[in-house]
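Below you'll find the structure, written out as structure tokens, and then a few comments.
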Amino acid sequence: MGIEKHRNILDYTLLSLLRRKFKNIGIILVFTFVIFIVGSILFLSYSFKREAYLILKGSPEIVVHRMMAGRHELTLLSYMKDIIEIPGVSKVEPRYWGYYYDSMTKANYTILSMGETVMKTSRLLKGRLPEINEKNSAAIGKGVARARFIDIGNVFSLQSADGSQMVFNIVGIFETDSELMTADLIVLSESDFKRLVKMPEGMATDLAIYVYNETEALTVARKIRERFPDSRPILRDEIIRTYDAVFGWRSGLVLTLFIGALAAFIILAWDKATGLSAEEKQEIGILKAIGWETSDILEMKFWEGLVISLTSFLPGIILAYLHVFFFGASLFAPALKGWSVIYPEYRLAPFINFYQVATLMAITVIPYIASTIIPSWKASITEPDIVMRG
Amino acid sequence: MSTEIIIETANTTKIFNKEKPDEVIAVNDVSIKINRGDFVVFKGPSGSGKTTLLSMIGCMTRPTSGSIYVKGKDVSHLPERFMTMIRRNTFGFIFQQFHLIKGVSVCENVMLPLYPTDIKPSKLRKKAEEILHNLGMEGRKDFPVQRLSGGEQQRTTIARALINDPDIILADEPTAHLDTNLSEEFLSIMRGLQQEGKTILIATHDPLVYEKDYINLIIEMRDGRVKNIIGKQ
Amino acid sequence: MFLHPGIIALTIGSGIVLLLILSAALLGIRILRRWDIKSSSEEQLSLERKTYLVSILVQYALSFEILSVFLFIYTADDIHTLLVGAMCATGSLNANSYGFPTLYAKIVTFFVSASWIAINYLDNKAEDYPLITIKYKLLIGIVPIVLAESALQLQYFLNINPNVITSCCGTMFSEEGKGIGSSLASLPILPTKITFYSLLTILLVNGIAVSRTPIKPFTYLLSISSLLFFIVSIISIITFISLYFYQLPTHHCPFDILQKEYYYVGYPLYISLFSGIFFGMMVGFIEPFKKISLLRETILQTQHRWSLYAIIGAVIFALISTAPMVLLPFTLEGY
């Protein structure tokens, strides 16, 4: 019961695969491609999920905004003093944010004002954030900096709601794990923000509510809704769940469509494996005649399948990784991403874990290995005496 | 020399495609006995059943009826798994077509029969090199087999047949593709092995082989039956 | 049901396993009907060759099954974010009544197909294949188990509704809750510890006895103590072992130890437990086959070897689960 036997058979399998490099290269290429596609879908959907998670990690447990005629309205700051009195609420903060369409670069930016807690967790690549009441200064994301060809110390201008130009000094540039989150960001002081968008006094975009105990968030949300029927509280958990479901569902859908391609590949592999060439049959006959047992041939075929799968798996998964994290999943990001296509350039945070690799293997390698069983067996029962007859 | 019976067949019959229109009785009711250390020739034209008989003795295929005893053990009903064990431990094979594996080196071809055993690769290689050395093939051991001459190929197959240190060597028409010189060389190697105590079984219709005086048993076959048994000594 | 990559992988996987086991069983029926080891007919030869196919079908099915147990737990963990109130795999498995039964069915399938392979291994050692009838009857018996497993899993995934509030390890295994999980977590720690270590000792003593002389009372006792130790071990992991890994007196989850945060310690833990228990149980299971004279010698050797595997598995498992109690400052005294 040593392992030498298995090592010897593996040795011979490698030797005989190398001899037939060209016979297997086709199947390896196709399989690599299959793994590349499936892997890209998986990586992409997981990195989106993770981006969403990173964004939401530091966000408040509840966000409340006002609804009017089914549409999002500015929220009254006067709600704050009622909300803070609800038991379990630790802090209420107004938030000021919105979008800015820049006709020069034809891109949408997210504009945000510095609240107390906003961006406390974000790291700046260089520089600092504008002070609360500091005039005409801004911190911008890398995407904006790239699009406008500007750097720290430069100035840039935005058009305010009344048509006049407002000039800002760049005091900081963002760097975070997640570029999706800050690439298009422009952070201004509260007073500058209100001037830029002409927001009336006593209003905020929405309110951020922090609770002492996360599990009570639902109760707090219910009370806010009772107190202010025109408000809509959104739980952070709900947002995470929605992101997860949307990305999971989308990637699942694409995967399902792709199962067809996988099946086609399996048929190809089956065909290739069953069509045992005369030379190969002869070779198996020789091996059996000189003392190899049927189960030894089966083992050889098993190694063969495993070597082919792993030879395809490694480049496939590396290519998928490069595709998603270095080339922004250029092949099919539009199908999986939900938001604006005219979004500034971004780079996804590389994220890969054991589970993704295991899932990828389960979807690709297992069906392939299973499809080799019958052909391997057929090859293995070649009769040894064919070498005597022929 | 001991008189231990190493192989015995009792009413051995092999029918291909039994109960079908193309039924062929390849071997018909053959009963022979072979002693340890014998040099045996199965003589007869092609289609006489000598190759089929040899493959049944070599545990490659089972007889349709009758028994075959190898070293006293009935192998005729053994499942393939156990037939292989006996084949691997007892027999060395030399085929008409050489049947070396192309693209693989001489040494590895020789090592092949023992790959599926728990022998250490380094030990196995040493053993193979030793055998090749004895056959004067040490300079060719890393050559791919397809680049060998006919005589070298023949010696490689002999080395492969010897790797498991078999009691019995089976050779099917070994001289069919060799010129006279090489055939003589082959036979002298076989003679040497016989003198080491191995039992040699050769199926042939080449007079060069069966006219050698050290052959002590000639079994003549025709139409699947034993026509004549000539024992010497 | 929603189209999550892990769910797709598991559904395809269980379909494949079902297909493999079904074809193996169909071949098994044919072999059972026509088998005649004495015959030299072409048919017998072709049946013999089919036995090779059956055994690789089952072997591949088993290896896929092992992967699927881990993938299933991982997937349950991954989808907990979709389920309100679920905080880990336990919460996801509780999302409907099929979650835990699926996991149990997977564990049963694992044990049954592994024993089939073990019996097949023994059978192939004897020239007349004496266990062939038992073997193929057992194989037919595996079919409903695998079928049930696939059905349960499918039901589980079909009935996952991302809006149902589920309990999670925080509530299911918290001491106030109800149900089987909670009653395990609230078992008193000291008596559980004593039971755990006494059964471990009994198992080891029997294991050593069998490895010296594989004879009757010890072989059966090893099987029984292995089975009991398995049950007690699972209870112990929930009751106290996991707590030492999490360093939290209230976190009773048997799955989180498979996560990166705990250095994947769950893998060696469960693998050593499952393999040790499997070999321990098999020692007694094959005891009756000693009556077959051709197998007697093989069985004695095998029992000797398997009892060693059982000892090694149990010792590794015990070391891993004891290590944090000894090495880490965390203590459960007073809880």
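Should a chain be cited, it is by its letter among A, B and C, assigned in written order, with residues numbered from 1 in that chain.
By our rule, a residue touches a chain if its C-beta (ideal position, glycine included) is under 8 Å from a C-beta of that chain, and two chains touch if they have at least 3 such contacts.
This is a predicted model, so every value here is computed, not measured.
Among the remaining chains, the Cα-based centre furthest from that of chain B is the centre of A. Each of A-C and B-C has its own count of C-beta contacts, and the greater count is at A-C.
The most central chain, judged by C-alpha centres against the centre of all protein C-alpha atoms, is C. Taking each chain's centre as the mean of its C-alpha atoms, chain A lies 64 Å from chain B.
Spacing of chain A relative to chain C, judged by their CA centroids, is 34 angstrom.
One finds 49 Å separating the Cα centroids of chain B and chain C. With touch defined as above, residues shared between interfaces to two or more other chains in chain A number as follows: 1, 294-295. In chain C, the positions touching at least two other chains are 49. Within chain B, the positions touching two or more other chains are listed as 80-81.
Across the complex, chain B is touched by residues 37-38, 40-42, 45, 48-49, 124, 127, 129 of chain C. Listed in rising order, the residues of chain A touching chain B in the complex are 1-2, 4-5, 7-9, 11-12, 15-16, 19, 282-283, 286-296, 299, 383-385, 387-390. Contacts from chain C toward chain A in the complex involve residues 2-10, 12-13, 16, 19-20, 49, 52-53, 55-57, 60, 64, 67-68, 70-71, 74-75, 78-79, 81-82, 84, 162, 260, 264, 305. Residues of chain A touching chain C in their complex: 1, 41-42, 45, 237, 240-241, 244-245, 248-249, 251-253, 255-256, 259, 294-295, 298, 302, 353-355, 358-359, 362-363, 366-367, 369-370, 373-374, 376-377, 380-381. Touching chain A in their complex are the following residues of chain B: 51-52, 54-55, 60-61, 80-81, 84-85, 87-88, 93, 95, 97, 99, 101-104, 108, 112-121, 124, 160, 164, 172.
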